[in-house]
Amino acid sequence: MEPDLIQNSQVHHNNIEEFGPKFKKLRITDNVRELQTVLRDKSTSRGDFIFFADRLIRLVVEEGLNQLPYRTSKVTTPTGQVYDGLRYEKGNCGVSIMRSGEAMEQGLRDCCRSIRIGKILIQSDEDTHEAKIVYAKLPPDIADRKVLLMYPIMSTGNTVVKACTILKDHKVREENIILLNLFTTPQAVHLVLNKFPEVTILTSEVHPVAPNHFGQKYFGTE
Amino acid sequence: MEPDLIQNSQVHHNNIEEFGPKFKKLRITDNVRELQTVLRDKSTSRGDFIFFADRLIRLVVEEGLNQLPYRTSKVTTPTGQVYDGLRYEKGNCGVSIMRSGEAMEQGLRDCCRSIRIGKILIQSDEDTHEAKIVYAKLPPDIADRKVLLMYPIMSTGNTVVKACTILKDHKVREENIILLNLFTTPQAVHLVLNKFPEVTILTSEVHPVAPNHFGQKYFGTE
Amino acid sequence: MEPDLIQNSQVHHNNIEEFGPKFKKLRITDNVRELQTVLRDKSTSRGDFIFFADRLIRLVVEEGLNQLPYRTSKVTTPTGQVYDGLRYEKGNCGVSIMRSGEAMEQGLRDCCRSIRIGKILIQSDEDTHEAKIVYAKLPPDIADRKVLLMYPIMSTGNTVVKACTILKDHKVREENIILLNLFTTPQAVHLVLNKFPEVTILTSEVHPVAPNHFGQKYFGTE
Amino acid sequence: MEPDLIQNSQVHHNNIEEFGPKFKKLRITDNVRELQTVLRDKSTSRGDFIFFADRLIRLVVEEGLNQLPYRTSKVTTPTGQVYDGLRYEKGNCGVSIMRSGEAMEQGLRDCCRSIRIGKILIQSDEDTHEAKIVYAKLPPDIADRKVLLMYPIMSTGNTVVKACTILKDHKVREENIILLNLFTTPQAVHLVLNKFPEVTILTSEVHPVAPNHFGQKYFGTE
């Protein structure tokens, strides 16, 4: 009967069944849970917050790359054997949703050195509260690319829905959008997948309470 | 009938059953297989080799941290909820086996900023071919610590056996040794676990052919 | 008689006398000139461009920190001596001007782990061509802080003038603004210092031709 | 009358005149003095020590690159101008002297992505106290290369003298050795330059008291 206790245990179950096959969750290990714990803790210093956030981001990015197309590739080893491997296809890009999504850019670059990284700024209209696009800088020929859309915290899902709309307006195919996310509420997942059932969502935690202090703490701005 | 073809597929099966519960393998994803492929390919440039090796090392280190003890930890979030999390226990250290193990030090430091990192140098006696310890620099009170032993390529397993002997001579408990490895042969796993059944081995690939060019390519020395 | 030859030699002279005491230039070494050369060269790959840009940014950031206030600080060494040193005062922040200024954020963070980093987006009005502020996210109490304003390429100087206006609107004192810049035209320096004679400008090169492809090449977007 | 006060001011003078033209010192700015202060302070945490050491190392490495040969190089800019630049010659390598010199390897790699990095281990004979080489792993064809020799703290200079002897035994030309150092005593400079007058020494501070805790603090081992 502790209504404030976040029941971590109960959210580690069958999200995939609940949300369908386009929903992916990072494998939850003790290590990942520590990263999540530090990021949830209000007493974490900004230096530690950034360090641990960067680690969780890196894990989500590495996992996100598994959603991209690979082809088999036979290579020759230094001792002359043929090794039956895989190579990653060209034709991907990243797009961060400002402001918090920008925290994920370096992690993406640390895995994909010269990936193109676009950016979208969405703001709520003060009168209508409608999400409006303010700014978009996207890679050329984005229509032909897979898009790793970066946004670490989903609370309502409205911002991501708007971002996906913008991408589709730029002729990106819905199934080519992969959302890289750290924390999301269940309703945000439902909203995004209702609107865009072909979008892939990758997260590390589904929880009714989103850590909305993320961007403010990471960047130190209001 | 291609005797030189490295049968990647067949090595991705039941290693755990084969080697027992102290043997752990990184979850093999397309992404991990790409990293392995680039590292196997003799045509990979040194710059790329280092970049991809560092990524695979990072994944092995992050996974290796799961072998360390954690305790539950309730933290308070910025919105006043209690979050039921985990924290990592103090009292760990890293030890690299020269020379190739040193390539893993930065990856460990990137995950554990101020972890103590010791070092062991083992060389074969020119006459007897016996592995001999030449140099060891270890953290104080290593006897009370968990040890992340770093050695990326195991071919015979002799060097790791010698390193474990040195650690035990320093009163490290066998069950406190966790070997972080990238590529190993099956016989090396058998040798190490025969001699030290309580040591944990984490690797990304078990394969009869070890990429013995690793250290030479990573550091550019003979 | 080569009108297209950029006369590097002639721009390495008395800029300080020309622009007054608030203008600072990175000490030009062979190493810095190599970085500049790679960034100027149209045949540079994106991977190399990012790598070399990050190095030049790092040097400008380290030099920029010299513009911040330090106090003397006596510390005790491990052998019991008193060492007569310096420590950096608290109360600084970074502000990047989108989009290209964002390329400098990681370099700043690599030197100042938990510095707060704000952001300003300025765009030209399509009708009036006037620079307009679209977005600003600034640290709280910025009025009391020194501001490392990040913008790598200055061509006309209009964007930086607008950014300084915004900062002054937020009660930042003009003498507390330090512009970190990689390449600038002489007219941009004149414009900024005419409007804001107390602003400090730090650059690595003053040249009539600004490498305006910087942001596009760094991020890979149009 | 404070005999223990390290007279920082008096060591920032004419070292170059004192030690001759092969001795180079990093330009001493407030920023560099802060880095030195943090490294001298016994109350600095290991995490901070590593972070500040890495920054000072990076500055020494960037400055050290100026000791390497460059050639002029005309490049074409994206707007079609010819830019009169410089490029760095191939044929360099790094060699770290264990153990403390290894702390400088990552900094070198962060500036020169695929530079070959060799290693030398020297120990004192327990009976004769003579410096003896225990281990050396050097790049092939080192005789044809410039060598960035890495050793952060010079107290007596004996270890560096031994390392230079080893390099010369491998046919490295004396004038091709550039020592990258953070802190040195005056007598160490004299010893090295007496024995090897063509070696270049680059440091950030000459001081009678060397911070000999460096390696122990950086790596956390005894």
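Just so it is clear, A, B, C and D label the chains in written order, and each chain counts residues from 1 on its own.
In this text, contacts are C-beta pairs under 8 Å (C-beta built on N, C-alpha and C of every residue); 3 or more make two chains touch, one makes a residue touch a chain.
Treat the numbers as computed from the prediction; the structure is a model and nothing was measured.
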Practice item. Matching residue numbers in more than half of the contact pairs is the bar here; say which of C-D, B-D or A-B clears it relative to A-C. Key: B-D
Review point. What is the distance, in whole Å, between the centres of subunit C and subunit D, each centre taken as the mean of its C-alpha atoms?
Key: 29
**Study point:** Inter-centroid spacing, subunit C versus subunit B (mean Cα positions, whole Å)
**Key:** 42
Revision key, fill the gap. Per the C-alpha centroid definition, the whole-Å distance linking subunit B and subunit D comes out as 30
Review point. Residues of subunit B that touch two or more other chains: which are they?
Key: 113
Review point. Linking chains that touch, what shape results: line, ring, star, complete or other?
Key: ring
**Study point:** Residues on subunit C engaged by subunit D in the complex (per definition of touch)
**Key:** 2, 4-9, 27, 29-31, 33-34, 36-38, 40-43, 51, 55, 58-59, 62-63, 65-66, 70, 73, 75-88, 111, 113, 209, 211-213
Practice item. Would you mind writing out the residues of subunit D in touch with subunit B in their complex? Key: 45-47, 50, 93, 98-99, 102, 106, 109, 113-119, 121, 123, 134-135, 137-140, 219-222
